[in-house]
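What follows is a set of structures to go through.
Next come two complexes, and both contain subunit A; in the first it sits with subunit B, in the second with subunit C.
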Partner chain A sequence: MSGVTTFDVRAWMVWGTSAFLIALLARNPFVLVELGIVALTVRFACVPPERLAGIGWILRVAPLMLAIGVVFNVLTVRSGDRVLATLPDSWPVIGGDLTWNAFAYGVVSALALFVLLLVGTTLGALMRWIDLTRILPQRVAPLAVAGSVAWVFLPELSRSFTDIRETMALRGIPLRGPRSFLPLVVPLLAQGLERAMTTAEVLEARGFGGRPVRAGSRRAGGMADLALIAGLVALAAGSYDLVSGGRIAWPILFAGGAAALGTGLLRRPVADAPRTRYRLARWRWMDTATCAGSVAVAAIFLWRWIAQPAGLGFDPYPHLEWPPVDLPMMLVMPLLALPAAIVAFGPGDDR
Partner chain B sequence: MRGILPALVTCALVFALVGDVPPRISAAAPATPDVAGLVVSYGDGAFSYATVPLDGERLDGLALLKASGLSVLAIDFGGYGQGVCKIEVVGCDVSACRMRLCQTASADSPFWRFLVAGDGHWALSPLGASGVTAKAGQVYGWAWAGGTGAPDDLPLPTLDEVMTRSGFERDATSLRPALANQGRIPGSLDEHPAWDRYGAAGCILVAMGAGGLILVRRASSRRGEAPS
Partner chain C sequence: MIATDRMPALAIDAVTYAYPGVDEPVLRAVSLDLDPASFTLVVGASGSGKSTLLRLANGLVPHFTGGRFAGAVRVGELDTRLSGPRELAAAVGFVFQDPEAQMLTDRVDDEIAFGLEQAGIPRGTMRKRVEEALDLLGIGHLRERSPATLSGGERQRVAIASAMAMHPRILVLDEPTSQLDPWAAEDVLTVVRRLNDDLGTTVLMAEHRLERTLHHADRIVELAAPGTVTQGGVGEVLPRLADGALPPVAQLGRQAGWSPLPLTVKEARRAIDATYPIGVRRVDRLSDGGHSTDPDGATYPAGSRSSPVTIALEGVTVRRGERDVLRDVSLEIHAGELVALMGRNGSGKTSLLRAIAGLDEPRRGTVAIASQGAMRSPRHLPGAIGYVPQQSGALFWHETVREDIKFAIDAARQRKTATSSVEEVLAQLGIAGLADRHPRDLSVGERVRAAIAVVLAGSPSILLLDEPTRGMDWRAKDALLALLAGLRDSGMPIAIATHDVELMARFADTVVLLGDREMVAVGPPRDVLTGSLTFSTQMNTLLGGSVLTVDDASRVLGLGG
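Presenting the complex of A and B:
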């Protein structure tokens, strides 16, 4: 038994969905700060050291986000009871009162963006692309492989660019101006094409994209297609309801749409090509605990958001006041830090 | 004597005619005061009544609302003028207002609508508040309501009634806006949490921070003990 604990990627997806839901919908500074603390805790406790990038760049980006959010809000919203300064009305677009109310709202918007970025980068460090590819249904596996290959090409392209540039410099060909890039682009393109051809041959040799061995019944395929269409329609309708301010229908439509899409993808007849797996992912109690905690937080958040939306928001217009406090939500949020507690005090990994 | 009688009759007639004039003038003067009335319905049986002196100024419907002393959140919609998001604490925040003027997908979803008192009824203003110039003696209405047309529960007082209900001082030397509320405005400020809730929230955040630090330190030490 070692001290390193790893979770199933599906558990992290559920955790990420719950955290993203809160970061996207809540504008209450207390809730956002608490979510930020949770994300930092999970980041530094659960991400393996070899994948743990520093948060220095996020902290460097934060003041920029703050400045953009504040300046945009202060210059575009002129309401509020606390006037900070007044620009002459003769100034087009930006003339008028600048208020502390708009400043406060800009700060909270920047905080929400920062927390969203923190959750996203934490989730990105917690999940591996290969693990995500493994859990995908067979039907979408080719798409994931194609995406994976394309993603791998980017660092290789960067390396090729550096190599060619150094070679040119050794031969006394400096890079000055757009014209001098021509001798660089041609070998870069040639190398890229060569790499693509090699990758295509490797994939072909392993049977990637071959014809299905067992196509399945036509009736089953038709039902799966119908489920896919119904799922997409439900998701589109749910998105419309969410954007147009609905509070009841969209969670139902999203849940129904996701269920229909999942059914369609799983029940669709696919090629009977065997998949080689060298390490089988096992679902363990800690994954169940992480999922249960995340689902509980998401459910309580949605309940509070529907029942008392003001408690999860922050509205400094027209009176600038302290934001409301939603104690039930704040008390349940620590459940999102459950993975960190398991890593710190759990029995460790026995995979 | 013969010359006196016609003179007296003439004088009496003249006085009768002249004496009739002052009451007509005094009756016409209060009928067109240089003020406009406002009725604001918050949709929950609460109303605000306001009387705003115009003082010869050219105010549009929104400026009239702001001049009444009510807190107003309005955002610019370019050539369409401004849209009202919130009056006092009733309405929606800026982001929802920018997207759809506080309305949701429901047909009964409320938004702030601007009305002008007509002959015994309220009429929706087709130009909106920014496109209407306030007239002296006119009563204007704002209603937080959904559906179509004017809301049924919006009272239609005369300007005199608005002046009375708002507590407007007609006889003051310098006219000042008057504002009075009737009923409790929904979501009023006294619904905000007390300071003990802020204390509790602060404690939770501090506990989360301290707990997080402990978890991270413990996880790091366990990772350090793990065989590489």
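Presenting the complex of A and C:
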């Protein structure tokens, strides 16, 4: 990849964790917009040209996300001091006052989802899955196979959709509106999955994950499996709590779930066979700088989120007011764009 | 236990295997021993279980596929019931059919090192093995390239290098040349032969194109339905194979009564020299009746191009991204004409089909299709062009073939162009027996016929096929040819992108040879497919002149066949 400055995949993982943390927890529109701009800057500066897919599809999906967020919120939330319209109370579920407050919250929710998508796709383009699997412990190889199938699945889905759209156009069957897309869902999934399974088969045949070396007792295996299950249940419960608006239980469930999952994976009675690397990864000053900037942003965010949660949130109920500006957070956020600055003004790649 | 030369490299012992959810086993009590350093060719009809048999060797069957498995498979001292694909990867190198699907990284040397990294080979040894593999396959100059930028043949060589870097005892190849042009296929097979000869690697290869592979093999395993196996030396099994399964030189040998049957042009030439001591007269023009000369100078059988022009391309250049994928192509295709588009991988065959179909807008030049007495752009004629792409899966959206055909007919009815019922289409294609099957459960040959049925159900006036015979056995090819002959006789113009020189020599009216995205030759097969080193038939290489097919050769040799 000559001509492009490359960062260590571990640095990108730290960057991604920090960006995801903000995208998942913050609801302040100023913070979200700033994060979106940072993600776009990093995307255009750091993603190698051959992996720089257009973001047109994200922009096309954005109005849909906005419409769904706004319509759902406006029709189901009855709180707020700014009434937009009133539907008869006799109408089930949607009857009553429709408010600007609900409208504003819907817009911000859609914005959060859009920024999350932007951060996710940017991170996906920045990292190659093959580099990711190289840093995973060998004992989680099956997980990595599943991950790589998922990694391949989405691009294949998009390719299959193009194939289907072309054959339909040729046969004089244009795709018009959501109804014409419905019959395509199953074949699209089947075709995407078929291609992803081929990748999984190739990985198996080429010894991906190395030779499993069994060690430890059956009892240890059972305990590890139990820890895995408990971890997954805790993460699912935490996700539910987060989605349903909880503020206390989900961090505990997430932390507990992650700990149980980690214990389950690391205590599985399979010993790591030695694994080697053809190309040695070099950790350089720019990787350190990226990590330092990302950790600083995450630390400030968590401090502000615990100390002044209102500053990073947006609560339009019952009174619709402008969201606050959290100056420390806004000032520290550009540190996440450090990799872009390094690419633009740094000494270039000598890797 | 230590593997010795006496121990078979691969021992398959009474294996019966059925895929999950399928009652009928695809392999039934199959037993087979491969001697170390042997070269075994697996032949058989599409769907006979060749790929399944190959996947026994590295444990993909049953560890990856699941299903019901009985019997035992041993690779040296390893029992595949106890050792899965990951443990067997170092002993068995596997090369898949699709060169594109098996690339995992974005640099050639990383790709070769991938398996070594997984096996925990020390870095110093790994670097040596990567260099060895690059040299062995002659791809050192590609080391920094991304596999995505390589041709099909180069990718297959990278895949073989990746397998060979592991120093496997057995190299398994599943139709490795089915997607390659003759040149690239010859390259790949020469390399495999060298690995077998020089390094003593045991080779197990499935392949339909016997004219390419038979002379390399020591042994043939024929899978005959249902799940039964015939095996033996090449000389032993060859006489038992049907005519259609034999390479042209062996077919000629059978007609001439030569024994043993020749496997190569060289062997056939020796047989001819022995049979005709005074030599065979070179025939520069075999009689096809009268002749007419095209404005380009190509000579066609009289009357064969008297029908009106239905597809006209004038100076067509197509650009994709930063690159021209087709340059300055001018071509006319007549009603009832079958045109074969041939050329190396990446020469522009698919791009030409896509341009005719209107899927890619020309940057320069025009594409026009005859419709209701006028020539129009294909973009203004939805439904008029039937296009079967290489990956025909995009044509199937329903649970059964019947439903997909019905859907296409309903769409044609809305355009008021429907001319057939579901049953008529099924009968025309001879696939009534497949009507209620799920399209994804069909064999390669069946799937292509079903795809053509779905396309024809829309009543197009032109048919375009991209590599339709890929992975097809000779019976499926003959069935496809019979179908296309019927369509051609009804006046439909047909264009086929293909690498199948032998088939097109027998069947095409016109051959368009593409090179580096430009048209380099056009004319009847007897003009284009003769006198070439790669795009010519075995019979032409053997007898020269204008001899193309086994029938031509029989006439020249006076065999009366």
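The working rule: the second predicted complex is superposed on the first by the 213 of 351 C-alpha atoms of A that agree within 3 Å, B and C clash if a C-alpha of one lies under 4 Å from a C-alpha of the other, contacts with A are read in each partner's own complex, and residues count from 1 in each chain.
Please note the rule applied: a contact is a pair of C-beta atoms (placed from the backbone, for glycine too) under 8 Å apart; a residue touches a chain by one contact, two chains touch by 3 or more.
Everything quoted here is computed from the prediction, not taken from an experiment.
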Ask   = Touching A:317 in the superposition: subunit B (first), subunit C (second), both, neither?
value = first
Inquiry  = Applying the document's definition of touch, where does A:40 land relative to subunit B and subunit C: first, second, both, or neither?
reply    = first
Query = Does the superposition put A:169 against subunit B (first), subunit C (second), both, or neither?
reply = second
Request  = Please indicate which partner A:134 is in contact with in the superposed arrangement: first for subunit B, second for subunit C, both, or neither.
outcome  = second
Inquiry  = Tell me the contact category for A:206 with respect to subunit B and subunit C: first, second, both or neither.
reply    = second
Message = According to the stated criteria, A:95 is in contact with first (subunit B), second (subunit C), both, or neither; which is it?
response = neither
Query = Which residues of subunit A touch subunit B in their complex?
reply = 2-4, 30, 33-34, 37-38, 40-41, 44-46, 49, 77-81, 105, 240-241, 243-247, 310, 313, 315, 317-319, 321-322, 324-325, 327, 330-331, 333-334, 337, 340-341, 343-345, 348
Task = Would you pull the subunit A residues touching subunit C in the complex into a rising list?
result = 50, 128, 130, 134, 141, 160, 163-164, 166-167, 169-174, 183-184, 186-187, 190-191, 194-195, 198-212, 273-280
Request  = Would you tell me which residues of subunit C are touching subunit A in their complex?
outcome  = 58, 60, 63-64, 84-87, 89-90, 94, 96, 98, 101-102, 104-106, 109-110, 113-123, 126-127, 130, 146, 148, 162, 166, 357-359, 382-383, 385-387, 389, 391, 393-398, 408, 411-412, 415, 440, 455, 458
For the subunit B and subunit A complex, residues of the former touching the latter = 71-76, 85-86, 88-89, 93-94, 96, 99-100, 103-106, 109, 187, 189, 192-193, 197-198, 200-201, 204-205, 208-209, 211-212, 214-216, 218-220, 222-227
